[in-house]
Amino acid sequence: LSSGDFGLLSPVRVGSAVEAATGDAALLSAMVEAEEALARVQGVEIDVATVALDVRDLAERARSGGNPVIPLVAELTARDERVHRGATSQDILDTALMLVSRRCIDLVLANLDRAAAALAELAVAHRDTPMAGRTLTQHAVPTTFGLKVAGWRCLVLDARDRLDALTLPAQLGGAAGTLAALGDASLLSAYAREVGLAEPLLPWHVLRTPIGDLAGALAFTAGALGKIAADVLVLSRTEIGEVGDPRGGGSSAMPHKSNPVRAVLVAAAARQVPALASILFGSMVAEDERPAGAWHAEWQTLREALRVVGGASALCADLMEDLDVRADRMRANLALTGGLIVSERLVTDLGREAARDVVAHGAPPTSVDAASYLGAAGELVDRALTRR
Amino acid sequence: LSSGDFGLLSPVRVGSAVEAATGDAALLSAMVEAEEALARVQGVEIDVATVALDVRDLAERARSGGNPVIPLVAELTARDERVHRGATSQDILDTALMLVSRRCIDLVLANLDRAAAALAELAVAHRDTPMAGRTLTQHAVPTTFGLKVAGWRCLVLDARDRLDALTLPAQLGGAAGTLAALGDASLLSAYAREVGLAEPLLPWHVLRTPIGDLAGALAFTAGALGKIAADVLVLSRTEIGEVGDPRGGGSSAMPHKSNPVRAVLVAAAARQVPALASILFGSMVAEDERPAGAWHAEWQTLREALRVVGGASALCADLMEDLDVRADRMRANLALTGGLIVSERLVTDLGREAARDVVAHGAPPTSVDAASYLGAAGELVDRALTRR
Amino acid sequence: LSSGDFGLLSPVRVGSAVEAATGDAALLSAMVEAEEALARVQGVEIDVATVALDVRDLAERARSGGNPVIPLVAELTARDERVHRGATSQDILDTALMLVSRRCIDLVLANLDRAAAALAELAVAHRDTPMAGRTLTQHAVPTTFGLKVAGWRCLVLDARDRLDALTLPAQLGGAAGTLAALGDASLLSAYAREVGLAEPLLPWHVLRTPIGDLAGALAFTAGALGKIAADVLVLSRTEIGEVGDPRGGGSSAMPHKSNPVRAVLVAAAARQVPALASILFGSMVAEDERPAGAWHAEWQTLREALRVVGGASALCADLMEDLDVRADRMRANLALTGGLIVSERLVTDLGREAARDVVAHGAPPTSVDAASYLGAAGELVDRALTRR
Amino acid sequence: LSSGDFGLLSPVRVGSAVEAATGDAALLSAMVEAEEALARVQGVEIDVATVALDVRDLAERARSGGNPVIPLVAELTARDERVHRGATSQDILDTALMLVSRRCIDLVLANLDRAAAALAELAVAHRDTPMAGRTLTQHAVPTTFGLKVAGWRCLVLDARDRLDALTLPAQLGGAAGTLAALGDASLLSAYAREVGLAEPLLPWHVLRTPIGDLAGALAFTAGALGKIAADVLVLSRTEIGEVGDPRGGGSSAMPHKSNPVRAVLVAAAARQVPALASILFGSMVAEDERPAGAWHAEWQTLREALRVVGGASALCADLMEDLDVRADRMRANLALTGGLIVSERLVTDLGREAARDVVAHGAPPTSVDAASYLGAAGELVDRALTRR
């Protein structure tokens, strides 16, 4: 048997609150909750709290039936025959996955709120801090760090809204979703209330809306966090040096190195989640009343997506709270092109053709201070900060 | 130069309304609209309607600058210098992509409404039509075709709600999103109104929320349609024969063949969109004020996702409107296991262990009529149909 | 800290040999091997075998530097300063990942050999067992189970060849791949020999050929196994019943159920690996001398791909060794269309138009025995079996 | 009907040789070739060269049967009844796709050879040009531009080898792969020879090895090209300026801009192909004798992958042939950290702890010239260049 995994290859999520909420032990515990809640709505108080469950052993025994609920039910019914009455494995595992998802999403939401608060402070503080706007790797026209950060906050709030809008329902349907051995449709609301999840309109064993929604919201969130990380990584470059991670990571070889490790780990997360989401979206194509593979492909994939986003959101919030911003470097870099960064102004002043000629024939005869060609940046920051 | 593509390898979308709305000509036309609207909010009425634009030529000339707006602007400004004032290529291309998306989404919504209406009729008509519930490829317990179809409708409505909730904003920001050569933030609402799109809170050149949202909603929709197709394909199998496509496709070799072509094409669509969405989610990681690759990776990918979902939704609606349902085959198949399909009932009656013994030792001594062990299926159909 | 994962959500690989070879403990052990081999080629015999290493603790300490080698080196150098001289974290982690990959691939190869042997036997046994050929879910023309199985074997051998052709090199380059603190290029062969991996032409810290190759070969293998599983799942359907899994899994609710669990788990694996491979291919885009995220995104992804393919290949080999083949059901199903399954023959005899007419107007006037219209199936089986 | 696409949203491939080879017209022509070759091995010389084929019309008529071969065969048999005898649509379409793939791969190979030649020259010229080695965005230790470029060449040669190893076979099997209406297995070699493709061991209608291999080789190639582009993009940054694209693209707004457009388009390509490959790998799971969706999902996906890689390889070769390398900027950047870039040397000299102390307390007391701490870089370049 395996000696277990503890995140050795996944530093992004080690030690995060989401990690504990997604471990095998947490899943197992959620499955037991699902069984207990079912028994309660059936008018039975089962006593399984003291059943000793060995995760490793249950994982091993999950192979023959293809899911971990079967051996769990065997353990629990050995104690009390009234467990799992009328239910199917999918009722319990889906409900457990939704319980775990619910808790993870709440943790992610708290991280995003924390990041948004830190970003609001940064946006206010740097509302008028000029820096080079960069497009396709080249200096374009000036912008402000405040506007950049206000944009990051917008994305974080967008992610928060999408996660907040998720409806995560309990699952109860029995063998083929007809509640045949369970009762009538009123059980759906009773069970949902008992287990603390949303009430489904129908058993959703093959109507994978909650999974597709989680896929979309998690991939979106990873993208939002990844944008912030990508910018931090560019701005942290030795040659640019406009921001820094004060808790930069060391190197095993070079004593001078201070690596933007948190941004690196968030960027790595953003590379993984879209592909994981594609598996989950693909699993919506769930034939029959239980599909032969699509459902099974969701479990580990969803858990991994939750973990990676959970860890990345915590790291990103931490980083935003103590990001080192170097306005002097921003101003210095702004001067690098000797005024060309405001060449767009020439177009306004001289027309497109004449402006091209001027630029082609040497330094632009511009008296425009790069740091003052900021357009509506300040106004846009204010506008963005009105959003809650 | 290319002689052009007309969908020879993409039957799913040929001839669909979405195809015309997403062709190069439609894109080009939307870019011109974006320029015209910009001029209007700048108080200028440009006259470019008569500029002869050659898509092939513009595509060719898009290479050196890396986007099609640059040669388009060259064409238009040759006619009127006041075109594109203060704007950047991304303003025009993003706005055009949102215009095209808006039109496509509306077409998809109409297809989904049509599918949902057809499914509501089927659910009512087959509320009590018994059939085998199948899990992991095996007969499990009975269900009804009405419940299956009510579930399909639920998914279609879920997809509709997600598409309907999309906010597709105009793009206007100028070279680095500061509106520096354009004006103040009030332009955002004016331009959005003029071009007929939503008003953005900020220029979203590197805040790719609309793209991420489209990715999620389109992948979700493809998954929903794919579930329906997967079920139709299973039920159409020669050995099962419970549904059929009355417009089944012929074969180039076998005169007797009637293939469920529409379901096949929808299933093929569902295999592609999640991966396309993963590209789009990945492009949210857009560094700087314009990313060096992430933006460019979106264009063709988004267009393809729109097209594939557009075509698949039309085919699915068509298919639902004339699906051939064979209640007699459903009933015949239900009898295939000689009563074992209601073995779950034995558990209720005899307990888990005894039930297993009975089944292991021969045909179950059950007098239960398979077609009557339907649990709350009818009630669930009614419940599902209350949703609008 | 996490209480660890033991595969509760991943039955496909629990208990497999690959699982043990990919656990955190195995990774840690491989990292120590990499350090020991490096010391040896540097002429030093370090004694770190007795250093007590706590995976959980190292995982936790991996966060600040962003990789697990940093805390490991801290542990080992506390014992012996001569550890890790001139190396960088990536040298050790990449080498460890290649050692783990090497062992996994060998295990997968053995599984594929076992599957191929079983398939050869099945192909011989059923060389002339007629069954319905099915295209687009419909009976097309007859084929043989032998030909189907010979095809499966071909795919398995293709996968084997691709895995067998993999070159998995040691990694050694130092901080930026120049060997600056290490020595000259002769170290590459010495280290490779010492650690038991292939010699690289160059340090490949940002030349991710081995990762791209693993991605391709693992996705290919998953596809090959997935095809077999897909066919088994179709043929196992209650209505078709042409094959069965004699160790079918039970249900938590229905005593009669015998689910093709092994094929289900293989099918679930095949849904995941292509997306994991897409992450790995994407990580080939590794900027600079070490990328800020692409490298980190590989670790867990590669491990998961190895595990899933490892588990799936073992299950598939097991299943092929005891697949239950029901030639009687094949023959019975062949008769289902009342002879239409040989309608293609009519085209040959009557021409395309006349054949269509005949079929349209009733049962075909064919005296052809469906079971004899097998074309070159037998010859093709023989031909396929000549391949080793 | 669609007015056609000409690459308006795909500048990466417009005007490339691959584009013409992959257009609808090229596909249609390859299908006709496949039919002609089949007739010839059947001893018939058909005369269809003068049949007027309208791509748009055929695309439209492809919908009802779900593939373009059916209407094509209708057109051709109207002229000559002996067309398509014994064949199935998949024989023709798969063969056509292999013909198109063969031609595209040859074009890509030529591009890669061109890139490799340019890179060899650059590696020789800059064998000893020092520059900063960068890891996790930070200066690490010095390296040379020659070594970086030698690495790029290695990746290009790796891609070339993988593409060169592809076996692209003709497809011939008939309705279910038994050759029932065609003849015996000797037809496989005759047809392959006639049509100019490799001979398959078996009909591969559901043994998608060639597709999986193409997916892997194309994704690998995209990754290799993407690595080069990623480096060019970093080194092109305004603040770094170590390389430049002398044909940089202009901007619609800023006359001074010179954007590294070719690298941008290659980078965009590298973001798309892994996801396209994941669709193709997923389609290996092709149930039955023709799958209901997996096959159809390959067509457009494969074509797009070929095109994108074809265009990107041409752009990358062009760029390597005229890349502007600025050794002076490399040397200037190397000095940016005031000697810290050789802090690794301190570890060798003083030991890990002492080195950390020195660095922490100020500038390192090092007399090492950054430009001379190059380790085995030159030797590694020579070693890499021995590879052909």
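Each chain gets a letter, A, B, C and D, in the order it is written, and its residues are counted from 1.
Throughout what follows, contacts are C-beta pairs under 8 Å (C-beta built on N, C-alpha and C of every residue); 3 or more make two chains touch, one makes a residue touch a chain.
All figures in this text were calculated on a predicted structure; none of them were measured in a lab.
Listed by label, the chains touching chain C and chain D alike are A, B.
Annotation: A-B is the more contact-rich of the chain pairs A-D and A-B, by number of C-beta pairs in contact. Centres computed as Cα averages put chain A at a distance of 29 Å from chain C. Chain A and chain D have Cα centroids lying 31 Å from one another. Chain A and chain B have CA centres that are 24 Å apart. Shown for chain B are the residues in touch with two or more other chains, namely 66, 86, 88, 134-137, 140-141, 174-175, 181, 229, 233-234, 251, 253-254, 259-261, 264, 267, 270-271, 275, 278-279, 282-283, 292, 344, 347, 352. Interface residues of chain D facing chain C in the complex, by the touch rule stated above, are 66, 77, 81, 85-86, 88, 133-137, 140-144, 147-148, 150-151, 154-155, 158, 162, 174-185, 201-203, 206-209, 212-213, 215-217, 219-220, 222-224, 226-227, 229-231, 233-234, 267, 270-271, 273-275, 277-279, 281-292, 344-345, 347-348, 351-352, 373-377, 379-380, 383-384, 387. Listed in rising order, the residues of chain D touching chain B in the complex are 1-12, 14-15, 19-20, 23-25, 27-28, 55-56, 58-60, 62-70, 73, 84, 86-89, 174-175, 181, 229, 233, 247, 249-254, 259-261, 263-272, 275-276, 278-279, 282-283, 292-297, 299-301, 303-304.
Within the complex, the chain D residues that touch chain A are 132, 134-141, 233-234, 236-240, 251, 253-261, 264, 275, 278, 282, 333, 336-337, 340-341, 343-344, 346-347, 352, 355-356, 358-360, 364.
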